[in-house]
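The two complexes that follow have chain A in common; it is paired with chain B in the first and with chain C in the second.
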Partner chain A sequence: MSIFEKIVEGIFELFPSADEIEINDDTVLEEIPDWDSMASVNFMMFLQQAFDIQLPNDFLHGELKISEIVTQVGG
Partner chain B sequence: MNQPFILSTGSYLPDKIVLNEDLTQFPANVLPIISQKTGVKARRHAAKEQCTSDLAIKAALKCLEKASFKPKNIDCIIVSTSSPDRIQPATATRVQHKIGASKAFAFDINSVCSGSVYGLFLADSMIRSGSCKNVLFIASEVYSKITNRMDFSTFPYFGDGAGAVLLCSENSPGIIMSRLATDGSGSNTVCIPGGGTMNPLSIAKSNETFFKMNGKKVFDFAISKGTKIIKELIKEAKVNKKEINQFVCHQANINILHKIAENLEIPKEKFFVNLDKYGNTASASVVIALDEVFSNKLIKKDDLVMTIGFGGGLSWGANLIRV
Partner chain C sequence: MITDPFDITSSLTNLLTSWTKNSDGLKDMFKKLEEDINSNFLNFLQTNDKSENKFKKDLIKKVRSNSKYARKNFITIHKWIQEFVENVPETSDKEKERYLFWSKQILNAISPSNFFWTNPTAVQNFLNSEGGSFKNGIDNWFKDYSKDNLISFANEDAFAVGENLATTKGSIVYKNDIFELIQYESVTKENYKVPIVMIQPWINKYYIFDLTEEMSFVKYLTEKGFTVFMTSWRNPDITLRNLDFEDYIFDGVLKSIEIANDICKTKKSHVTGYCIGGTALTALSGILNNNKMKNPILDISLFASLTDFSSPGEISFFVSKKSIQKIKELMEIKGYLKSSYISQTFRLLKSESLIWPYFANNYLNGSNPPNSDVFYWNSDSTRLPEKMSIFYLNEFYLRNNLIKSNALKFRGFPCDISKINQPVYIVGAEQDHIAPWKETYKICDHISSDSVFILASEGHIAGFLNPPSPNSRRKYRIIDDNNIGKLTKDFNEIEPNIGSWWDHWTDWLIEQDSNKISSVAVGNKKYPVLYDAPGKYVMG
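Presenting the complex of A and B:
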């Protein structure tokens, strides 16, 4: 499974309404239905656990693209 | 005429206080978000061996003791809960047995966080109809056992607790009027997806057995419908909002309470708040708050109080009460 696929899987897991949109590299987080600051914490925890990394506290924000997340967690 | 008068109230909060900083399963840097976004600074958690009826029993006994009311004189026990002991039988049945209310019939209602205003309406109707004289209404919740402790969008905001109200038939007024509403198109907004007949335990995924909510939708819904139901009840009861001494609202989020107060141009000080200490105790929050309003003598005889609830269903409602 690619990094992108793993991230998308996590999004579907955490945001059940995410299947209402098509998620690609250019999708920004605030486009995900139900995205809010509370849910973003769950997403941050998912990324840290799934990729065994520590992310900067201010890493996740609404305008962040999926491709930027892929770069960060893959780097 | 049979008028439902509130003879007594009681509440019980478990001893274990869990502060925001105690939620070490979440990154330390996100913990300030809890109080910033909701006003919740602490919550109570039931002990490992405590279940919903245990909390209900303690609240009920406190309520009865305050009025020196004998359990055998209770005609009916209604327990509001969205976190029952078991899917069946009704949590109320164990309460009936344990408090010694042998002549009472007992059953549960579940209207999630609006359960208290629905329950008060139901108790009111039963007394007004003449079918019961003494109704014990209890709301009890143990959300610490139905939320996922790793889910930041639910776990930090909820707490455990129970409240009880003893309503008796009198000639003096008590619950003056209630107004309830439901919009079932939002039935997925707040739910436990697994464990019922729609998604039985045998096939449900493990994370589907926990409570879930769409916080953003619930926030907007609560402000909109909370404001609307208060306006409607004030109009229908033909009272001036200034005559209402306390607004006892579901304790979901301080920002919801402040926004409703602002929308209605009512001083926010008139909205009772204890969510900072207890978090959101779902249907129990309104009766716990009502008990604290009485206990702290924030209202006196003949004052008007409005109780307001909103939550899963989606459902919402309000009761206007003369003390």
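Presenting the complex of A and C:
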């Protein structure tokens, strides 16, 4: 399973309504239904657990693209 | 009222409560269950396929495909229910909102991620750990049930107040029955003459503004050259059942300001109030100005604070004459509102973020709750005294009396917030679900003094934990006379500033008084240092 696929799977689990939109490299986080600051904490938790990494506190924001997350996580 | 003619709820609750009296026996029962599940799992593998890896791969593939199908159906049901509620005939908009809110609670609960076979991560973890995640999930549930029956959403072993949270150096310079006052040590040679007094909410602990070092608002302010004081409220027990809102105002808010002024040898302070702390501060200002009393406040800053409670958002679905009566009954024996009741209410307002992801993570996936300082603080909630709770719900949420001239008297002094004449700096947050920003803005309609309104991105907590950082993509909008019209139409038309509003706020404070003096010592003869911060009340 690629990093992208793993991230998308996490998004579907945290945001059940995310199936309403098509998620690709250019999707920005605030396009995800129910995205907000609380959800971002949960998403951060998912990324850190799923990829066993530490991310800076201000890494996630509404305008961040999926491709940027893939790069950060993969790097 | 929930109908339960067969008394099913109490039957199941009693079953669990009786078992908690024999915790060793209960552990044995769970151990047996875990062993049996593991054994079933191993048998299942043996009878299904000789190649364990192939079986696991096929199974997870099937689960992914099933969960995709489940999600599609979930969205269909979600949309249908929304339409069903929105189009219900002969129903007021307010009632529809109530229907939608409670329907949303059910929808959030039945999301496919909350069920094992439609949650690929849960199944994957189960397979990878050969059933170990199931054991962890049960253990996590048992820990939560034994504690307060709330799903943990922070790893409690990762944080400790005074060790890696609330560590900015300071001392308690005053203590009474309801609060301790912290004065933080200056870190600059010179300080601004006028101190900042921060009135914290008493619904949670004070240290939201002093979390980890990199997030600490207090640290930021002391480094900017301010002397900072902060209230740390006592977690009330039965002895404080008669503590009223007016006691918080006079014995807490006013007392803090007087002490700060005395220690800093100044006549007035910058005073900020966060959440209910801001409501109390507004009420105090309405009393002092209305009764022409000696006023120790130079300016007022309100963070996520409600003054006008006419549309307080979804929390209003929990407040009615009937629910207040019920809350009264809940407090009758112990004299306070339990912290778990308050926590659960706030979590329900955002159950999609604050309940269900943790149900899946902790119980289905068998993972530990995250190391989140913010959520650790959020879990560290407090009780509320009986008298204050009833007053707060009745007079503010139900009757909206704070905005009515002289409708409320505190210790006999009538309150009129329209008489406030100090400059006011107000911050609301776009996604705030506890103090909706449109409501926090409404104070501007009731006061005639100079005011600045800042609309910050994020929500009730993240909107205010906003340390300046070169990478920050947070936004804030400054609302003034030129763009006020756009605010009520579509705030997106107002050009945002990128970064933190903290610098803008401290610049505004300096505009009010820019005098500097040699840094003041912590405490003085009248208010000597009692002991080190974070103090004792925060531990209670």
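Heads up, the rule we're going with is that the second predicted complex is superposed on the first by the 75 of 75 C-alpha atoms of A that agree within 3 Å, B and C clash if a C-alpha of one lies under 4 Å from a C-alpha of the other, contacts with A are read in each partner's own complex, and residues count from 1 in each chain.
We take it that contacts are C-beta pairs under 8 Å (C-beta built on N, C-alpha and C of every residue); 3 or more make two chains touch, one makes a residue touch a chain.
This one's a predicted model, so the numbers in the text were calculated from it and none came from an experiment.
Once the two complexes are laid over each other on the shared chain, residue contacts for A:Asn42 go to chain B and to chain C alike.
Of the two partner chains placed by superposition, A:Asp25 touches none, neither chain B nor chain C.
In the superposed model, A:Asn57 lies in contact with both chain B and chain C. When the two structures are aligned on the shared chain, A:Asp34 is found in touch with chain B and with chain C. In the superposed model, A:Glu9 makes contact with chain C only, not with chain B. A simple residue count on chain A separates chain B from chain C, and the partner touching more is C. Applying the stated touch rule to the two superposed structures, the overlap between the chain B and chain C interfaces on chain A comprises residues 13, 17, 34, 36-39, 41-42, 44-45, 57. In the complex of the two chains, the chain A residues touching chain B come out as 13, 17, 34, 36-39, 41-42, 44-45, 57. Taken together, the chain B residues at the contact with chain A in this complex read 26-27, 29-30, 33, 37, 150-153, 207, 214-217. Of all residues in chain C, those touching chain A in their complex are 64, 67-68, 71-72, 74-75, 78, 111-113, 119-121, 214-215, 350, 352-354, 357, 360-361, 367, 370, 372, 374-375, 431, 457-459, 461-463, 469, 471-474. Chain A contributes residues 9-10, 12-14, 16-17, 19-20, 34, 36-42, 44-45, 48-49, 56-59, 61-64 to its touches with chain C in the complex.
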